[in-house]
Amino acid sequence: MTLHLDDLRVRHLGECHYDSPFSEMLAAKKTSPHYVAEGDRVLLEDTVSMLAEHGLPPDRLPSFEAAGPRRKIYFDPAHVTAGIVTAGGLCPGLNDVIRGLVQELTVHYEVKRILGFRNGFRGMTAERCNDTIELTPDRVRDIHNAGGTILGSSRGAQDADEMVDSLVLRGINVLFVIGGDGGMRAATRLAAAIRARGLDIAVIGVPKTIDNDLPYTDQSFGFQSAFAQAANFISSVSVEAAASPDGIGIVKLMGRHSGFIACYASLARNAADIVLIPEVPFVLEGPDGLLARVERHVRAKGFVVIVAAEGAGQDLLEQRGLLEDATDASGNAKLGDIGALLRESITAHLTEVGLAPTIRYIDPSYAIRSVTANAYDSVYCLRLAHAAVHAAMAGRTETAVVRWRRRFVHVPMPLIISHRNQVDPDGDLWMSVLEATGQLVQPRTCDPLDIDLGGRGVCRSTAVR
Amino acid sequence: MTLHLDDLRVRHLGECHYDSPFSEMLAAKKTSPHYVAEGDRVLLEDTVSMLAEHGLPPDRLPSFEAAGPRRKIYFDPAHVTAGIVTAGGLCPGLNDVIRGLVQELTVHYEVKRILGFRNGFRGMTAERCNDTIELTPDRVRDIHNAGGTILGSSRGAQDADEMVDSLVLRGINVLFVIGGDGGMRAATRLAAAIRARGLDIAVIGVPKTIDNDLPYTDQSFGFQSAFAQAANFISSVSVEAAASPDGIGIVKLMGRHSGFIACYASLARNAADIVLIPEVPFVLEGPDGLLARVERHVRAKGFVVIVAAEGAGQDLLEQRGLLEDATDASGNAKLGDIGALLRESITAHLTEVGLAPTIRYIDPSYAIRSVTANAYDSVYCLRLAHAAVHAAMAGRTETAVVRWRRRFVHVPMPLIISHRNQVDPDGDLWMSVLEATGQLVQPRTCDPLDIDLGGRGVCRSTAVR
Amino acid sequence: MTLHLDDLRVRHLGECHYDSPFSEMLAAKKTSPHYVAEGDRVLLEDTVSMLAEHGLPPDRLPSFEAAGPRRKIYFDPAHVTAGIVTAGGLCPGLNDVIRGLVQELTVHYEVKRILGFRNGFRGMTAERCNDTIELTPDRVRDIHNAGGTILGSSRGAQDADEMVDSLVLRGINVLFVIGGDGGMRAATRLAAAIRARGLDIAVIGVPKTIDNDLPYTDQSFGFQSAFAQAANFISSVSVEAAASPDGIGIVKLMGRHSGFIACYASLARNAADIVLIPEVPFVLEGPDGLLARVERHVRAKGFVVIVAAEGAGQDLLEQRGLLEDATDASGNAKLGDIGALLRESITAHLTEVGLAPTIRYIDPSYAIRSVTANAYDSVYCLRLAHAAVHAAMAGRTETAVVRWRRRFVHVPMPLIISHRNQVDPDGDLWMSVLEATGQLVQPRTCDPLDIDLGGRGVCRSTAVR
Amino acid sequence: MTLHLDDLRVRHLGECHYDSPFSEMLAAKKTSPHYVAEGDRVLLEDTVSMLAEHGLPPDRLPSFEAAGPRRKIYFDPAHVTAGIVTAGGLCPGLNDVIRGLVQELTVHYEVKRILGFRNGFRGMTAERCNDTIELTPDRVRDIHNAGGTILGSSRGAQDADEMVDSLVLRGINVLFVIGGDGGMRAATRLAAAIRARGLDIAVIGVPKTIDNDLPYTDQSFGFQSAFAQAANFISSVSVEAAASPDGIGIVKLMGRHSGFIACYASLARNAADIVLIPEVPFVLEGPDGLLARVERHVRAKGFVVIVAAEGAGQDLLEQRGLLEDATDASGNAKLGDIGALLRESITAHLTEVGLAPTIRYIDPSYAIRSVTANAYDSVYCLRLAHAAVHAAMAGRTETAVVRWRRRFVHVPMPLIISHRNQVDPDGDLWMSVLEATGQLVQPRTCDPLDIDLGGRGVCRSTAVR
């Protein structure tokens, strides 16, 4: 996908007339490795070859508008009522973002009224849950100590016009949408409906995903907390598998289309022998198939640990007629159960070849995404929230705030939902996984002395891929 | 500091003749957002204005060589003996790096012999501790479960020629130095001595610092684990201060010249009212002085929490004649005790104005740097270790491996010790701290109802800086 | 069950001839609240009424022999070879016990040889895994940093005579069995076979259970670590349920016959609305049934959290024909899936009454028992291990070491497997659960203001049971 | 101290006239190992020899009244206003107790009004902070997620009559005091003043201490959380000491008169070589002195880890004139700094004998007591709170609720402050410490192979004490 400068231009509501509370402080700053001045931009790409493809001069290079406070702002804070909505599945840090938004709006911009919509976009329409919570610094002070979202969430679409009515009714002129691709899509439709009516309401997105599949984003907020938690489950099955004769440990982790959690969690513990992700197909049967590989591992070191993203091997399930033809409320296709397929086919194969496998299978599901944000994600969420408030007050709309190459930037919402970030099978991350698991090399029967305490990666040879 | 392409060119031992074990896999790859092909480079700077300063075309743009496996390697793995040394203060992840080096060297390159030097560079010279440990995958398997370094460490310089003798004696042709700026300086001298003798020994640095003050580095390994731990101590004094009438909580955190830990830890908990770092001077007395500010906080909400980097306010200590004229074994000037100065001057001031302060002062020191690496840092250390092994096997020398704008790159060692990374008072990070603590605005006497449970940031006004 | 003094008398191998290394230290001590002198005993019962039932004088009161070092020991340490085996399911602290045994045996008694049998009792017979590991202080130094058991484990019976042969072959005269009721039963049979052959081999049990269902035991080792981990999963579903309209959170926890984990984990978080345990039957239908109760909770506060021990409601499953007629390798009957029954019947009921439930169901299974021991359990395991070594060296056999009313005591093995400890529906613990969950009172429709942030226990009335 | 039945009799306000909400449920219960029926009692002592000393029959045996709900209660809940105060130093679980009190009072007894006094007993008198917080279930719902106490605390005495006035003014007839020995003493004086005026106000204590020095208490609440945190600091210095040549790690832990935290934390990590507690004197100089022992450890394994309770070695400080003659607000004598003495005398000694020690000294102080309660302590605090409410509603006064031999019981307040619980040098706990640290045996110069990775307890011999 080749992007041009225009693709990266974010939408403004209009000219900024008001002095920002940060105006004086900003006047003297200029771009540095730690700050991007107003008017400057961050390059989309950062390698020599990629620049060369674009034909310089640099003012035509694809680049993002930097986030942060502006000297002039669009809205008069005295007349701002802000709204906040959280949509889609949970992810660590939602409460941190809500808290950061409320604190920045009240402490610095002195916005007087902030409403939280309950249960996602449902809270913005005429259904049963059409209610809001008044959000104050006092109310949000300790909410980051709990996972989830104090506002509640839900999936599924609502009528855009009803939602606009709801905003107008409440006098909201600044709306923050913390949501996944479904949420960003809904926010985009909402912003279009606002534009169609000629209303002066800014819609700012803080994109969220547990799968780290957002494009133009270093790492989605909450991702580190989530994969750290996922790594604990890999340890669990690893401990179980290692303690059982012919032990087979399987963990199914989140990741419908992108295997980031599986990759990072596997690297974090370095206990996985085999990592399966949607981006890299595999076969079960045959000498290079998974079953033969599992058997070799069990024979070599007495057990094996497999980490599978939930979206891995869907083609295998389809071939076997194990896919339902169904979608969830967000319109996502229902996945087949790769964990069950692995469990059953591995048991069958190992039993057939004379082993007596003990299978330990864990599907931690919700237990991964409901944790609180760790220290890093807390900082990240706070800074995203600050950036989102600055963007809204400066009149940006249909704009998402993200971190890109360690810079906080503004990304047009359509770009955020344009495609999914995936693990690149040719990229550094997958290379690291292959190196760490030893999936590049064949397990070899080990000297018993090496393996009696659970030897890992001790004795392998014969590079394969 | 303006850098030119030549400044960023890393040193090679010579031509690469041997096929790498990764050769075939690499042949088909090209640069993408997730991979940098051999021969391509990562831009040093990433904004439009910065590019413009350089006068294009892009092949003259300052940029780094990407790290990673090469198709051809310099050393024949069958003849490689590797050495590993850890030097300087502890930092989370040292054992993870050692473990990653050993696993990559043995599993993929099939290097047969790896020696760990004990107690830093001391282990490489004729002193009492001239001993080594044989490192095998089995030996390092579980070492990441403990903080510190299994090799031991020390500060202080050793004779470069004695160290070269030690390497020659043991047949080591690949040396990994995991160390801080002292360690990188020693490694540079060592590499110069190697070059002077015309020896074929690669010296690769994995730079380490608890203070995150390495230049050309996104974030030093272990930093996230360290600031997460530091954040716990901020919570501790915050809990103590909030539970005492006129409670004053003070935490002194690591950071001789750079306040990164203080900033990130403060953002992580968002419990600090005042953050003091070496990069931003402050005064004690006067209406805008720290003492008046502390008094206002105590009167407004009943307590105050102060986070001070150990290097903050050294000018104040000097004015008061409270600096010793001494240096430690690494040649660092001994710092005055800002914590003690704060404790005493705040107690005196508040008592004078009729308050009865209860001071809770914590200096967690070693307790921050001795923790194990968290999930993120574990992944980071593992990937740095992989990159270091690839760099060494491809014959790079006097080269450090770091992550820059989320790319693993090679940086010439002299650059790594050329200056310190610091918190930019005009940068995004300090801006976030000012926003989060409310240091930009004056505390105002609060409604008792708001503060009775420890209200933070509830009622503030009047922007100041 | 009425016990008499003889029931509590532990079996000795014979007279103790050797001076213990602790002999001198022990000579001056007498019974105190912190120490029980040799020859003295701990009362089984500790209430006035219970004493009265026994007809005094006190020397006829049921009581246990205190554990601890003896002045004279039975075995000459110079001629001791010790064996250690772990059997049954995992539980936190197994490695801590192994480590404590090895350290006490070597440091204090200077026993020279300790063998660990691999994979449970299988390692003691002629099957494929008949191997052992030499255990030294160096080998076990850091094993408590990992969950599980470095020895491996398995379920199922082995031939007692083959096991005796194995002990004789290896010259083992002191065997430590760390296992559950299956393991204690096997150890009892083994000890009988040893006795039948007139061999001088001590068999000491360190009883283990994740379910805390051991009789004559304050709390089984690892239990605190396990229920703390279980409590995290209750938080997870609670966060999920609270964030979903009509959210239903269900956690299935270990506890085949005893609901201790469910009770303690529920008390630890105080987030559960309903706790279901095997000891307290319940019905689904009817005005006092579970479904009506769940409906009331959802209507009152918007969501409900249910914690079910795996053994709860088995009668309901049987009535519905949902029980398999099968047993596992340890001879335990396979349980029906109460979680699935709850999920389905609740969904059906709530849908029928016009609600749109979102079900969040977690079965953490292995993730609970594979964690490392927490600080308390580490101390406990260490002290149990010390006690076990002292018991063995003093020639006790067929004896388990446990903690009873905070005293470490010797309990004859047959007593340990005589029955199961269960939650007493009339006891303090269940009372606490009823109080904490509010299961004693009816939920009442709440004021929306109270519940919008997840109000719990705010507005209830009308005592029921 | 010999106790008689009368010493253990708790004081009642009067006859209980009202039916308890638990009346019906209790009617059918009788004493069992899990429940003590009304009228029955728990034996103080639990060994045969101790019973024999008392001269039976058992109705004269010292024993405690069991805690728990009663069938008849003293106060009419409709006319109860409850007060809660927290006094003295922080300890994990204070908020859990407050939360449990509020929930039990409102959910089960339907008490309508609960007031929290701010900043300890100061909040009950005419000083500046004479204010209260209205406590509701909503207010306390999430407070257990933070350490400390939401009510604030303070040390020091207040006038008993002023406090009674304060209670009368607010209509409080049930007061809960959560405090240490200072707090229990104040509560006792307060109760005496209430009695002197003939008022009908119950005063119930929930005794607290970070040092676990409460008599008649299994383990004080928060103690497990505290020593777990303390154990982390032992790990920290252990990691630091092991990574330094001639490394000396010293941790000073809380424990003015009782070394429980030092003992349990040392057992939990099993990393300490030497544990120093107030109860066991030691000398510095001489062949059996601490300095010689430290030197032997350093020579044998390269480093040493020392854990010292703050109250240890005060006699040594006194001999050297290093004790201030001062007391704190609670009237406790100020302790000399044993940590500083150790640091300086060890440095001097080792330098003198030709070693070059690196000292790592940590005094975590507040960081230990400000943590949140762990899962076990949360359960414990909740159950103590329930017991306290039942005691108050049943008209007990001047009574503390504690856990004794795993039974919740009522203890007269004077007994709780009659003496301190200390580590018994002849008891099981200190024995365990001696065994675990190897303080019983001499370190011996080790084979370098054993110690290169930080060998502990590998090679020791020659029993000493």
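Think of it as A, B, C and D in the order they're written, each chain with its own count starting at 1.
By definition in this document, a contact is a pair of C-beta atoms (placed from the backbone, for glycine too) under 8 Å apart; a residue touches a chain by one contact, two chains touch by 3 or more.
These figures come from a predicted structure and were not determined experimentally.
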Review point. Is the number of contacting C-beta pairs greater for B-D or for A-D?
Key: B-D
Revision key, fill the gap. Farthest CA centroid from subunit A: chain D
**Study point:** Centre distance in Å when subunit A and subunit D are each reduced to the mean of their C-alpha atoms
**Key:** 45
Check your understanding: Rounded to the nearest whole Å, what is the centre-to-centre distance of subunit A and subunit B, using the mean of the C-alpha atoms as each centre?
Key -> 27
Revision key, fill the gap. Separation of the C-alpha centres, subunit B versus subunit D, in whole Å, is 39
Check your understanding: What positions in subunit C touch 2 or more of the other chains?
Key -> 146, 454
Practice item. Could you pull out which subunit D residues touch subunit B in their complex? Key: 90, 118-119, 122, 129, 131, 133, 139, 146-150, 152-154, 232-233, 235-237, 239-240, 242-245, 360, 362, 364-367, 370-371, 448, 452-454
Practice item. Mind listing the subunit A positions that touch subunit D in their complex? Key: 142, 145-146
Review point. Hey, which residues of subunit C end up touching subunit D in the complex?
Key: 21, 25, 28-29, 31-37, 40-43, 45-52, 56-59, 61, 63, 68-69, 99, 103-104, 106-108, 110, 136-138, 141, 144, 218, 224, 227-228, 231, 264-265, 267-270, 374-376, 378-379, 382-383, 386, 405-408, 424, 426-429, 431-432, 435-436, 438, 440-441, 450, 454-458, 460-461, 463, 465
